[in-house]
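Here chain A shows up in two complexes: once beside chain B, once beside chain C.
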Partner chain A sequence: MKDLIKDIESRFKTSDYIQKLDHLAFITVEKEQAISLVTYLRDYRKYAGLTLLTAVDWLEDGVFQLTYLLNNPTDYTEIGVRVMIDRDNATMESSHHLWENMMTYQRELREMFGIDFPGSPRIEEDFILEGWDNMPPYRRDFDTKKYAEETYFPRPGRESNDPATYMKSKMYPND
Partner chain B sequence: MNIKDVLSPFTAWKRVARDPVTVKDPFNDRPGADRYRGFHKNDVEACIGCGTCEDICENEAIDLVPFKDPISGDSGLRPSIDYGRCCWCALCVDVCTTNSLTLSNEYTWVATDPDEFIFTPGVDKKDWDENEKGWKKPEGNYEFYGLKRVEMEHLHPEERSDSFIEMVKGYSKEQAQKEADRCVECGICTATCPAHMGIPEYIKAIRNDDIEEGLRVLYETNPLPEICGRICTHKCESVCSIGHKGDPLSIRWLKRYIADQVPSDKYKDILDTNEIENNDKKIAIIGAGPSGLTAAHYLVKMGYSVTIFEQFEAAGGMMRYGIPEYRLPYESIDKDINYILSLGVDIKYNTRIGADITLDQLGKDFDAVFSGTGLHLGRSTGIPGSDNEHVYYSTDYLRKITAGEEIEVAESIVVIGGGNVAMDITRSLARMQKVKYGKANIIATSLEKEDVMPADREEVVEAREEGAIINPGWAPQSIEIKDGVPTGLHVVECNSLFDETGRFNPQCSMDVKEFWPGVQIIESIGQGMDLSYISEEFKENMAFSPRGRVETNDYFQTGVKWFFMGGDIIEGPDVIHGIANGHKAAIGIDNFIQGIDFKAAK
Partner chain C sequence: MEKDMNKHKFEDLDVDKFLAPENEKRSVLAPDGSIVEVDPLKDYFCQDRPEVQKPRSGPVENFLNWARAESLWVLGFGTGCGSIEIPPLTTPRFDMFRYGVQMRATPRQSNVFVISGYLSVKTLKRAIRAYEQMPSPKYIIALGSCTINGGMYYDSYNTINRLDAYMPVDVYIAGCMPRPEALLAGFAKLKELIKAGKAEKANEYAENFDWYKTNQKKIIKDWNMPDFNW
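What follows is the complex of A and B.
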């Protein structure tokens, strides 16, 4: 894959190349060149398969990381194209025209992370969180535990005990 | 309609001869993968109910429900799972402090009642309880909390073996916060601490770098944190949930860290004790040891006028006169005590009850009296030669070292005893030998074998590092005396201490003998109480157990209503029990004076 990476590096503004496994590499590309790179990989370098599109919330750095994971069905290698986008303006160019199933990933990311892909078909429809009225739940500042407490409790028949308080009540109630 | 729409349905016929991709037989098992995350299993005997699983669960799927009565180190609670909420992430398994919680690879189970999907794994029996497959936390690889404690720096043996400089250096802020970060805040330790200190709360304060809050938490239950932070027997650490997989938290050193950070002149501001409203009631306290000082602290904060009567010229009791300076420097003792005295506690030094003032008189002059006179009398083995003038009690010797009195330090010494006091005198004398003769020549022995010696392990290790010989598992037989001076100790091998009924009944191999030369012998086999200040007439109104121990109620009130007793005489012996007793006795005295029924009192 080294030749491929050299080729990519000569054509696009990239950084942080990591050869994770013999058949799996990651490379980070500037946002404005990301779809061009993905298109180049699909049309000229045989990475015709879209394995997935996913995101990571780097809360402390104020960015979302998108990863376009593409596979080459002829030599079974995979390349992950990483793109950092501003967390406060979480918008990315849509690539639904490259793969039909891309629109589904983009819908998912919009719902779970709040990353928008303007122009992507059905992007504003609910994906799995029907009727969700809160912060996108995969954002790391979403407090899952608090949400669960507020939304699902009290549930009849459930009751918990704090170990220290329970031990006090049983072992030394007068102290 | 075009022709394609008509023909399309028939294209399916081209697959008619292929193998189906669906499962042929839905009636056979389709087990999950070997590491599949299915229904939970819990080894309820290994689980301690620490609740870390409940805390980490982002979906609030876990409750802690009663399983059995709690005991020290086990809350008696066990996790119950609500499978309406569980997302099978297995964080609960990965964080489990005892590795008792795992997931089976069973993922199918049918029940018609939704409430059946809330159950307590291991307690409510399920078909998959014996299923060995499923998710277990991988060994090594990753941990959610540090398993190794932040090492405490000590003076090297060569630096400390000829001096009484404090050997434990204390944590830096960075070290303390790193160590505090290992705490999972389960609170299992709180019940085991005799004073029930808010351990997770003060460790959290360290983590938040809020030392003032830490000090406030300490003083809720313990007014001697500098002292306890150094020499507490730290029973809390023996039950620390992290100790099941790794090193228990250094709870004692973290306590010391908080107290060490706060200068004396800030205490009153932080603890809000600049002004205390006084009532007109007076309390006398006999003995300025841990229990007496603690009772004084809490009583004076309640508004009582407190007077301590102390037989020696300085306060602290065994903390000052029993524990060597290299473990507990005098300035640390003074810092804790001076703060208590600064609250308005009056102290009369060199005053002995019974000799200078009678107990009855105290009863008349004060509204209540608390006595924490401790165990100061040495005990003798009574073996032949033990009545020689060069045979000493460790308690007397340790007190004399503190008082700076001239004491005999022989070139060769034998110590009889394997407890912490024996290690204290051994290590103190080894230091003095090093100064006087250039090398230590001291041997300490105990009836107990090394694995069951009563002394803390670190004491034994450090004594050896400092040049003392610790040789446990021997029974002293006689002290050889020549020309009025001991020449050594005869011992035989001791194989066991207790018989089948649990009675103290040492069994020795009389033919396995040794003779250890020593011109000075120290006996350190326990301490006794001196109750000579209580008259026989007074004692008639008190209750004693058949073995002669003073009996008190839960608030340390004796048979004489205004007379409370606590500390080593009643419980322990150690500092933290004294603190716990003193605190509770203060509450008891307050209740007594206010006429509150004790059984109803909280």
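What follows is the complex of A and C.
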């Protein structure tokens, strides 16, 4: 994999190369070059399989990290292409033309994180949250407990007493 | 010009964008060549509210209750992780057939609905629809902690906390997950209730219909089906 990484670094603006395992490496690339790198890996370096596309919300840094995890079925290696995109204006180039199932990942990311992929087919349709009208729930500033308590009227819990104060009130009511 | 894939097809039109495609108004070609206008919300669904079924007099009702208790037909609709506890009941080890309990494929043929575990809002919508299509008398068994107070999904943004606010529950089976034996015990308890004439939750649903509908519509925000589904 070392040769591959050297080749990638000579062609694209990359940073933060991490070799996690012998067959698994991650590399971060500039947003403008991400789809070109993914296309290059697919068409010229035999990384033809899309394992997944996922996102991480780095709330403190104000970025979303997208990971395109690609699989090479000939030598069983995997490479993760990481892209940092701005959290306030979360838009990424669509790559549904490379893999058909990318469309579904992008639909899910749009619903759960609010990351838009303009041009991706059926991106506007609801994926799981039908009729959702709140903030995308996987964003870390979404308070899921507060939302559940307000929306789903939870059942009140059992009454319980602190043993010490309860016994005191029973045995010494005048104190 | 190429069609804009991103544009929702109802964006410009003055129609309900949540209306399901099969419920839209349309014209159908009849076999004799004439064109018939069909409005599925009016033509395909009943317009009446559910009615309370009053019990018959003494011994007749007792006999009917005995007959109902001895043939519980369960709708094969697994809603959560608890649905994996139902298949073992059909195997020789647990064998639910000896109690007159069997699985059925459609709501129209069944009278017991086992809500097996957590319900997301999306599934709740389908569950309500299936429940309302079941013929009365009908019963609901709620399986697992998730149906009682949310269980381990108590703070989830997409699963309901308590089932009895949306559907009437006859028997609860607590546990996470309850074993198949617990499910059998739940069926035995339901039989007891039916024979004693106490499993009247379907009538309660009909009596408090507005309350249930209000609760359901509060969380199902894209209500694209008719209010009455039978």
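Convention: the second predicted complex is superposed on the first by the 153 of 175 C-alpha atoms of A that agree within 3 Å, B and C clash if a C-alpha of one lies under 4 Å from a C-alpha of the other, contacts with A are read in each partner's own complex, and residues count from 1 in each chain.
Here, a residue touches a chain if its C-beta (ideal position, glycine included) is under 8 Å from a C-beta of that chain, and two chains touch if they have at least 3 such contacts.
Because the structure is a prediction, the values reported are computed rather than measured.
Q: So, does A:172 touch the first partner chain B, the second partner chain C, both, or neither?
A: After superposition on chain A, A:172 lies in contact with chain B alone.
Q: Give one of first, second, both or neither to describe whether A:59 is in contact with chain B, with chain C, with both, or with none.
A: Neither partner.
Q: Tell me which partner A:18 touches in the superposition: chain B (first), chain C (second), both or neither.
A: neither
Q: Regarding the shared-chain residue A:132, is it in contact with chain B (first), chain C (second), both, or neither?
A: second
Q: Is A:122 touching the first partner chain B, the second partner chain C, both, or neither of them?
A: Only chain C is touched by A:122; chain B is not.
Q: On the A-aligned overlay, A:163 touches which partner chain: chain B = first, chain C = second, or both, or neither?
A: first
Q: Which chain A residues are contacted by chain C in one complex and by chain B in the other?
A: 144-145, 148-149, 152-153, 155, 157
Q: Name, in rising order, each residue of chain A that touches chain C in their complex.
A: For this pair, the touching residues of chain A are 118-126, 128-133, 137, 142, 144-145, 147-149, 151-155, 157.
Q: Help me check something: in the complex, which residues belonging to chain B touch chain A?
A: 49-51, 54, 57-60, 62-66, 69-70, 75-77, 82, 84-85, 115, 118, 186-188, 190-191, 196, 200, 554, 584, 601-602
Q: For chain A, which residues are in contact with chain B within the complex?
A: Contact set of chain A toward chain B: 144-145, 148-149, 152-153, 155, 157-168, 170-172, 174-175.
Q: Would you pull the chain C residues touching chain A in the complex into a rising list?
A: 5-8, 18, 120-122, 125, 148-150, 154-162, 165, 218-222
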